[in-house]
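The same subunit A turns up in both complexes below, where it pairs with subunit B and then with subunit C.
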Partner chain A sequence: MTTSLEQGINTLKRVIDAPIASYFSSCTGCGICSSACIFFTETGDPKYTPIRRVEPMRRIWEQEYTVIGKLKKLIGLAKEVTEQDLKDNVELAFESCTTCGRCSMVCPIGNDIVYMIRRMREGLTAAGLAPKELQAAAVRTMETGSVMGFPMKTLEAMVKAAEEETGIEINIDKPDVDYLLLLSSAEVMQFNEIISSLAKIFKEAGVTWTFSSKAHEAGNPGMHMGASEIEAMMINRIVEAAEELNIKKVISPECGHAYMAIRWEGPNVIGRPYPFEVYHIIEVLDELRAQGKLHTRASSGTVPMTFHDPCQAARRGGVNEPQRNLLNMMSSNFKEMNDSMACNWCCGGGGGMNTIEKAEPLVRKVFHRKRQQIEELDVNIVVTMCATCRNTLEEGVEDNGMDVTVLGLTEVVANHLLKENES
Partner chain B sequence: MTEERVDKAETLGGSLISNGVSRRTFLKFCSTVASAMALPPAAAKAMAEKLSQATRQSVIWLSFQECTGCTESITRSHKPTLESLIFDFISLDYHHTLQAASGDAAEHAREEAQKKHKGKYILIVDGAIPVKDGGVYSTIAGITNLQMLQDVAKDAMAIVSVGTCAAYGGLPKANPNPTGAVAVSDIVKDKPIINIPGCPPIPVVMTGVLAHVLTFGIPELDSHGRPMAFFGDSIHDRCYRRPFYDKGQFAKGFDDEGARKGWCLFEVGCKGPTTHNACATVKWNNGTSFPIQSGHGCIGCSEPDFWDAGSFYKPLSTGSMNMEGWATGALAAGAAVGVASGLLNSNTKSKAEAKHEPVTLEDMGAKNE
Partner chain C sequence: MNEVELLNWARGPGLAYATVFMVFGLTLRVLEILSLGRPKEYAKVRSSGVKEGFRTIIRRNLPEKHCWKYITATYIFHVGLFVVIFFFIPHTQLFKDVFGVFWDGWPNYIIDFFTILSIATMMYVLIQRRVNPARRILSRPSDYFVWLVTFLPLVTGYMAFHRIGPDYTLMLAMHILSVELLMVMLPVTKLVHAVTFAMARYYNGSNAGRKGVKV
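What follows is the complex of A and B.
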């Protein structure tokens, strides 16, 4: 297809389904969603009211699918959606929204505003208006299998290094093992020690696993853009890899949006059920803990630490307890953040936002909320389980000159593993 | 009955004294009326002065499609009270129930009064006026009520519609209204009309309004043409059981614990909240009681079309119309509209679906700058 205004409008007409129609018709305009949105609370600008981000779609719904809207259109009272309207909407749908879903959580009607924003993004993408950074990421992902463009070769080199470091053999494309492990680009680039950590953990737990050369990363810019077809292509690649290797359990990495795409949206966008199950890596680790297969030592001293719940894994994905089980196993001074778990404030950089250059000042500005949350706990360690959150937190910490270390939970578990002679 | 009295043209003050009523008692009456009508305290004295100076007012009372309850209410309520004296005082030139004369003589008295006090007499009407089939359903001396009203009204100074029938059509007008009954105000459009509704109205309200007309002219009226002084508040506003309503304590039947304890009668159908009248303050039978005090809810008799406003025993909150038929129809119509618009919408959607081309990597050209 050639992206165009016409395709954009047509897509918006097409994606308005029964849930969206009922969301629009039941929205009372109460504005509670704005109080839940970090971009509104930190700027005070009403244009960031979540439901307002889908205004062009609402107008199309009204004009195409409601009697009054059709009448209005007939007598020329309706304002048709123009190319400029869509262009203006890019800022609201892409550059100031992480799709963290806090708005959906608080809506008294139960409207899933994030679902609507995704579909709004789909319309903008069809109109050719998706941010260039996300478009480029989508191309990279399809061409190299990696959001940041690290081909399988890079991973192979890392695997080799990890094997040398740990002395453990790491499988690539090995069929019939317990788990297929997917990574995120951030892990490959910045936290590749995760490979050796997991190799150790799984070896000790007696779990078999493999990478796949066909699908080594789970990141899905297609989902960020709302481009369902591209999202499906990315998911299909993983599904085919797991099917070929006859693997029944797939591990999503420490990446919130990847988890959302592969765990929750996947079967819907590809239109068929998976022949396997998907777990967040932290869910897997917690299961090993519950089975007594994870041997860790207690954290030395009583260094206070807190946990930042990633929006897509905790709030929208439902992974809330495993991280707490693991942290409490290792730390005697785990401090719960205010508004934790399902209500946690977003890091401010997810949903593609921290790849979009234009959005950077806003990402920095809204970090104020996270800073407050961390400072009121008086901790120096913040653990999380999403590479994007980790990235955003690290940048925010640096930006604000805070004395805080940000860690990934898998890494923390690896660091607390008992050495062989300690057990 | 009245011919010679008119000739005497004495004042009300004189008449009262000759009837053995002291000035003190008279002042008391004026204070009662003034306070009942919420007039300022000074008005009582002014009213007393004006009333005692007032000459006999010629009044023609026409009774149409009615039950005589209104007349009963006024005449038999009390012993010789001031209200009745006021009625004695006015020159009631024609009242076919009360007057001694009958037949031609009676009609003659009316015509005389009409002629003599042209433009000055007050016309009191009780009863509705049937207009269907030329008004044949109620006639007096061969004249239809409609003709008589039009004839007498044209030279009246003002008209007082006494009772709900004259004021709003009342029971005769109730569905299916076989005689085509209407209110006075539906026929007479060019005269001031004061409505004193009630089935029947409270005596002191009638005399009070009359006293006001004699002294200060026509009182302030509400949107239904009722004197604000008596009909300004709802029964509910002034009801002594109101505290139970506010506390949510309701009688659920007429013989339950709540009824025995004197709780609010809202749930057994009291229409107090939507009824404007003075029953709760002035009460009936010389201030003895009123319906709610006797344990029965207000039936709303001073409101237009009260007879057709649903059961007296259903709470106001249940609504007055039989909605079942409507509801079924509306449901079916709604469903049909829903299906139709659903089909239209799915048509719109499948058209969009047909025009859809998938977004591919080739589209990722970063056009947004």
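What follows is the complex of A and C.
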């Protein structure tokens, strides 16, 4: 057995816990999970059936953690996991799965399939099989603190531009403020209007906040890869930054996976609770709305718009109501997609997939489902709260020649703020 | 051994062995799962997840709305099996004799209806295993064996009750033996889902509940 195979198998043995054992014990192979997966529904290829994505892990579970499996192994009936098995699995665990978790919602037996796929990725990464694009992103993040490699000085330049545009002073490394704001790389690169948007919103609401030069992004390729040490390293930077600045509330950006990493997985990968709380930016905005601190005009009026729920924030992260409260405050014609909130269909680009070159044709193909969902509603505006979703949606819209504008919710809120002379 | 002796063995020692094996096996399977433990949750949860875990055990009894078309036959067969096992009058009598608990059985024509329904839907499910692409790719040889082990008690029970076949005593012995085979196979095959489904649903529901997701 090669070292890498051994490391992969040992990792898989380590990550199998009681929930996973109960899932493997219970799976009857009914295949219903396939009906929830865009990669199956949009291609019809049964190899994408979600539970198949964890087959090597199932064999390890059976051989290591069940009496029957051990007996089978003893008499030579067990099929041991080989290096080739793990290599073949890369396509299924990384290149055709966004870890959106829709499969976990429909399994009649109750299996949380994506919980297993997330851990399957850990085994593959330990075996040295993580896609090269994700490995490169992890290196960039470790070196620069940014998934796409934007150093702090890039953000500083943007902060300066936003200050000039809004006339509002924006803090970097200011201690004892209400919030520490983290961004995603896509926001720094493409959607940097978020900085001026938040500056306006927070000023209006009387909220104090800062960026940290120690941790300016929340994106975490360590999570996509299933590399806990890398994930923990990035989480620790944020924890240290918040501790040094004595900040009790940290804001996760409009990025589903960043929210999952910093809000839910973070404390578990570093093995201790945080000395602060983490909120998705939309939760913060909704809180301000509830406190009557957001003064917006319903200028969108009857213009129909819909919302795309990012899987990691909504289905896997539990942020489902705040976005609806905000949209309903600004628009009287907010239309729900058929299948929304926890059952929303994935955009097709998350989980690291939109960075993996090999996966590109598949990402484009499966967008068909989202296109259908949008076209059914006859809307021209799709709002979301995840930069990766926004990217994928924008590309899909362009690819398909759709007359649709994709917006980030924070930006929409900022655009609806009452000007001083309107209030 | 003649038919009568076979029936007596099936009713007596056979049933006892099968019951002991099943109870011991199922306990072991549950302990195998529990012994692996669950990682400690350090994130600040929105709920303990306990309530949501138990709620998911109940809620997943109804499929997600899009899934009906894939699950109707399987669903009917599970309901049918439940009715036949627990509401056929001779079965209720057996539970009374063994466990001392008694509830009213249902009239034979209802049981007949559910038996035929279960047999028919099981045959459809078997065809689906070959026809449905996702199900087919997931199927292993043992799945067909498990299907057979579940199918036999239904058919032999129906035949015995309606005096179909060469000899009633033999048919009844076959029925009881097929049930014993099912009991023995329960802990060692995928049939164990009859028990572990509750654990799977609990874990999934409580994980979601901790994060404030409604499942």
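Operating definition for what follows: the second predicted complex is superposed on the first by the 418 of 423 C-alpha atoms of A that agree within 3 Å, B and C clash if a C-alpha of one lies under 4 Å from a C-alpha of the other, contacts with A are read in each partner's own complex, and residues count from 1 in each chain.
Please note the rule applied: a contact is a pair of C-beta atoms (placed from the backbone, for glycine too) under 8 Å apart; a residue touches a chain by one contact, two chains touch by 3 or more.
Only a predicted model underlies this, so the values are computations on that prediction, with no experimental measurement involved.
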item: Room on subunit A for both subunit B and subunit C (clash or fit); value: clash
item: First, second, both or neither for A:A227, with subunit B first and subunit C second; value: first
item: Which superposed partner A:L129 touches (first subunit B, second subunit C, both, neither); value: first
item: More subunit A residues in contact - subunit B or subunit C; value: C
item: Contacts of A:R52 with subunit B and subunit C, given as first, second, both or neither; value: second
item: Partner chain(s) touched by A:V67 [first = subunit B, second = subunit C, both, neither]; value: both
item: Which superposed partner A:G29 touches (first subunit B, second subunit C, both, neither); value: second
item: Partner chain in contact with A:I16 - subunit B first, subunit C second, else both or neither; value: both
item: First (subunit B), second (subunit C), both or neither touched by A:T3; value: first
item: Which superposed partner A:M142 touches (first subunit B, second subunit C, both, neither); value: first
item: Intersection of subunit A interface sets (partners subunit B, subunit C); value: 16, 21, 65, 67
item: Touching residues on subunit C, where the partner in the complex is subunit A; value: 28-29, 32-44, 46, 56-57, 60, 63-64, 66-67, 70-71, 74, 132-140, 143, 188, 190, 192-193, 196-197, 199-205, 207-208, 211-215
item: Subunit C contact footprint on subunit A (complex, rising order); value: 16-23, 25-36, 40, 44, 46-47, 49, 51-52, 65-68, 104-112, 115, 263-268, 270-274, 277-278, 314-320, 339, 342-343
item: Contact footprint of subunit A on subunit B as seen in their complex; value: 337, 341, 345, 348-349, 351-353, 355-361, 363-369
item: Residue ranges of subunit A touching subunit B (in the complex, touch as defined); value: 1-3, 7, 10-11, 13-14, 16, 21, 64-65, 67, 87, 90, 125-126, 128-132, 135-136, 138-139, 142, 227-230
